[in-house]
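Below you'll find a set of structures to go through.
Here chain A shows up in two complexes: once beside chain B, once beside chain C.
Let's turn to the complex of A and B:
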């Protein structure tokens, strides 16, 4: 009896001690006049090394700020961040994927920085500031790196087929006509040949999948889209979208584009273009790193035009966002970091060296350093020019959810399990339900 | 007269050969993939043999993924988890299997019931508890729960204890053993195969665990091996051949543990049964 009492006393005492230690460990992060800024970013070994170098330089020129970092690869970072936000110890500032900014904003995790952006960020100098502005005119982030989509094409495959490279005048129909000449079966016949064997395609004309690399861009060029400007209503049920979807379904039927099952055979969707099994693909700037790594002979052209001459390029502005719960001093320090990031030539050039994103400082993006002709693709200027007709991919708080409805239904359509009309009506209802489930409960 | 090779034996060999190939070919493909260049890895249709053979992938991944220090952390977590699971779960299982106390079976059902709760559901509450205990960014959250009993382990050990005839327990009692001594000196040694199985399961689970380390660890000095390997993944470009090489290196400790535990599987089957 005595023994058990003793044990329970020891137990309670150690629990109390542990809790006390826990409480103490949340020590003040401010030493002297130095502000400790807690920053999160996604990384792999090369980007991590580069970011550490830039942070060191920032700390040198801003001796009153000390940066503590948390970093992980893309998916793990957001898994960790979600838990941290729920537990109330998320970083003061983090690098958010462009598709997630409004999600964080509408869930109350990040700070409205309209004031800072309008006063301190020069929109003539910094690319893509407007992409973080919501329908009500509030700014939620400042670009950290820009991704713009373009049409990537494999020059070797074009040369072999004797097809002229894509030009800025191309329409989506021009693309399809070229794709037919570039789609080859096992015996080398192209899709225009009456003897073409659809069941033995060994090279496709054009590949698209996912969001920024996918159907969304074609729907936009045709004058359609997924959401209205308020980002709360589905606009899928429109004649423009129907035309765009018919265009895609026809290409799939003719086997000019690989369908979802055929894409799976490649293990990764990206491998189709990287292995030279498709002549064209929509992709974003960041894809150049893997294409260069694979030694492809490729270049880029602007996204083709729709039937009415409308053109659309997807943009993802990965951005710095500030924690809504950050203390004022930290918010200030975070803003100093953002200002440094967007205005410092040094930081921008260093980051551009990783090759993952278009620098956000316009002067650096337009410099020889970025447009460097010795690194592929030759026509890098296409990315910058595409910003003129670029738009976000309708990212909102339930982006991942509505995208799933759209892509799941597209897969059914492309696998011939659904008609175009069914696709339009089912997707419209599905997307609207996702939107209502979130926005009507707000 | 020449002895004929029995036909059923031939089929037996063919069957064994086919199953061996099914096991070995994917493993060899992995080994070959780990020796390819990025360019060759991306080729489709894939080539089986690496050309050129890039042994440097292994040294590169060893350095980039910081294997040497992450391995130490992984070993600490895995070993503490194995010891914790074996001790705590077997002790609890012994109580459920052999001791008599009120609501014993109900409690056991509750323990089993917790297995139905998906781990992901309890992540945020657990994170908050560890945060309040000041254990974030340390290895403690990764192994401490194993010292409080694991439902599956308790179930497995209880089944093992139940299979031991009561005569052993009674004999031990006659010799003056208390319940702890019966557990420690009689039951545990007789359940080595079950303990070895549990040790291998726990070790493998902890060695490959990714979610908890990702969530609880912030500083690099505490990172475990899976994080090291996965940190090679980029958002836009991943050197898959390096990932594969890293995964192969991290396989070695599991093989060692398995070979070590195998001895006990055999030993266990020899000593079972009443004499």
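Let's turn to the complex of A and C:
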């Protein structure tokens, strides 16, 4: 009897201990005078190694701060982060995908850092600060790395077809005319040839898909778009959008651009360009890593102009954001980290080396180090110049949800199962419903 | 899971009346406590939490706000819910009978004394242990619009190429076909176990009575393995309603957020709708409501199947 009593006591005690340990994992974080800053970021092996090096340097020059990190590949990181936020043990500062910043902000997960940004961040020296400003003028993050879209083109395919490379003066119609010459059927005839076989396209002229790489850019260049500046109203039902959508649908019908089914046949949308099956594609700076890896002979040109000369390049400003629940002391430490990140040549150059984003410090972005002519694409300056006419892809709290409506309907249109007029009205209503469901509730 | 049919047999009550928590009872409790605690915390606890979430507005990042039946009202007014429900039912209607029949056929075939029997059994079981990502690549070799050999065969007969997995008409049948190929081996093994439990005497007796092979199959094999068949049908139905990974992997389209479910949501099933609402759109309350409706539907179907089994399942 005694033994069993003892055993049950031990059992219950150890269980209670296990529960307690789980419950108090984030206990005291201050060791001596040091502030322990809990930081989250997405990574793959090379970026993780680089980030660790930069953190070590930061800790050297900021001996009062000790950084503890949580990191994982993209999808896993955000899944974990979401549960951490729910459980109240999220990092004090984390690197947010540019498309998610307003989602975190509008759901009350991150801190309004307007005060810090206006006082401490020099907009003349840091790229893309404005992209984290909402309609009411509040800042929610500071760029960690910038992604800008541009027109990528395969030089070999242009040379083979004898078509001149894209220039900064191109309009979307110029692009389409070139795309027709670069779209080839199985027997090598291009789309301008009357004998061109639409059912046996072997090479496409131009590819676009998704949001930052997709229709959104063309609608913007035509003077349209998806959301109004408050990001709460759909502006899809406009003559400008209709013209842009007609332009796209026409290219799909002529088979100059692969439709969603044809894209699917490549297993990954990115493979079309990577495998040399399309002459042009809209993509962002991050894509250069895999293109260089594939040994592609390519370059970039600015996004073409719309009929009225308007130009648009998509921007995703991946940013440092601060947890709304972080203690003041940690907020200070987080801001020190952000200041270090955006102003230190050392950190910026180190980070630029992994090649996954445009450095946010303007002097580094404009330096020989980033514009390095020995690494493709030759015309990297296009990315920097494009910032003059760049904008976000209308990211707000329900970005993923309205984007789903837009892309689903576009797929129907491109598969020739919906008319342009139906597309416009159906998408407009669908997007507005998503917006109302979220914002009217607030 | 194999024991489900046995549980139905009434167990004679031989338990002694015992004082609550005598030494033996406490030992027993202590020994099962790892499982019990896991069950209470991770099964009962999370289920109750999700039940609560289903009556609340919950975006994961903020505490849930009680909204009563709001999510359920929205759900029953959502055309996508009905589309997902129909897609799920359609998948099940194609999947369960075809797979059950095929698994039985294979089991009977591989229950013969064949040369290379083990090789055949292994060949059918191999897809079961492969991951969906691998299966998706293999399936792509068949159903890829551009390079797949399904279209190559069609072209031989002068039929235009189909875009299988992105075609609203084809997508579910093709997914069912691939799902059957992947998992039929597992059900085949269950049937094999059932078949091997049939005593040879029965067949001998049937032979003496002059039964031919077909009659032996219908009059001996089928009734003798009806318990196994019942189990296979139940498992297949549950699997089919809960199918997520395959559809996520095969009709995901791109890595862009929320892009799962195929063209015009033609392959959007309930599990996918739930995932999309909960994890892509941060509507965990709504997703929980879907989960509970899915659970109730599955429960109802399983109960009906249990009721019906009395008419055709023999346990002897």
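We adopt the following convention: the second predicted complex is superposed on the first by the 416 of 442 C-alpha atoms of A that agree within 3 Å, B and C clash if a C-alpha of one lies under 4 Å from a C-alpha of the other, contacts with A are read in each partner's own complex, and residues count from 1 in each chain.
Following the convention adopted for this analysis, contacts are C-beta pairs under 8 Å (C-beta built on N, C-alpha and C of every residue); 3 or more make two chains touch, one makes a residue touch a chain.
Computed from a predicted structure; not experimentally measured.
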Just to be sure I read the superposition right, which of the two partners does A:87 touch: chain B = first, chain C = second, or both, or neither? first
In the overlaid three-chain picture, which partner chain does A:209 touch, first (chain B) or second (chain C), both, or neither? second
Touched partner set for A:79, first chain B, second chain C, both or neither: both
Which holds for A:373: it touches chain B only (first), chain C only (second), both, or neither? neither
Go through the superposed model and pick first if A:415 touches only chain B, second if only chain C, both, or neither. second
Once the shared chain is lined up, is A:266 touching chain B (first), chain C (second), both, or neither of them? both
With both complexes overlaid on chain A, does A:104 touch chain B (first), chain C (second), both or neither? second
Residues of chain A that sit at the chain B interface in one complex and at the chain C interface in the other, please. 79, 83, 86, 266
Touching chain A in the complex, chain B uses residues 38-39, 42-44, 64, 123-124, 127-128, 131-136, 210-211, 214-215, 218, 227, 230-239
Using the touch definition from the top, list the residues of chain A that touch chain C in their complex. 1, 4, 7-8, 11, 15, 79, 82-83, 85-86, 99, 103-104, 107-109, 199, 209-211, 260-262, 264-269, 398-401, 403-404, 407-408, 411-412, 415, 417, 441
Give the list of chain C residues in touch with chain A in this complex. 23, 26-27, 29-30, 33, 37, 57, 59-62, 140, 144-147, 160-161, 163, 165-167, 253-254, 256-259, 263-265, 276, 279-282
Counting only contacts in the complex, chain A reaches chain B at residues 18-19, 21-26, 42-48, 70, 72-76, 79-80, 83, 86-87, 89, 97, 266, 271-272, 274-277, 286-287, 289-290, 293-295, 356
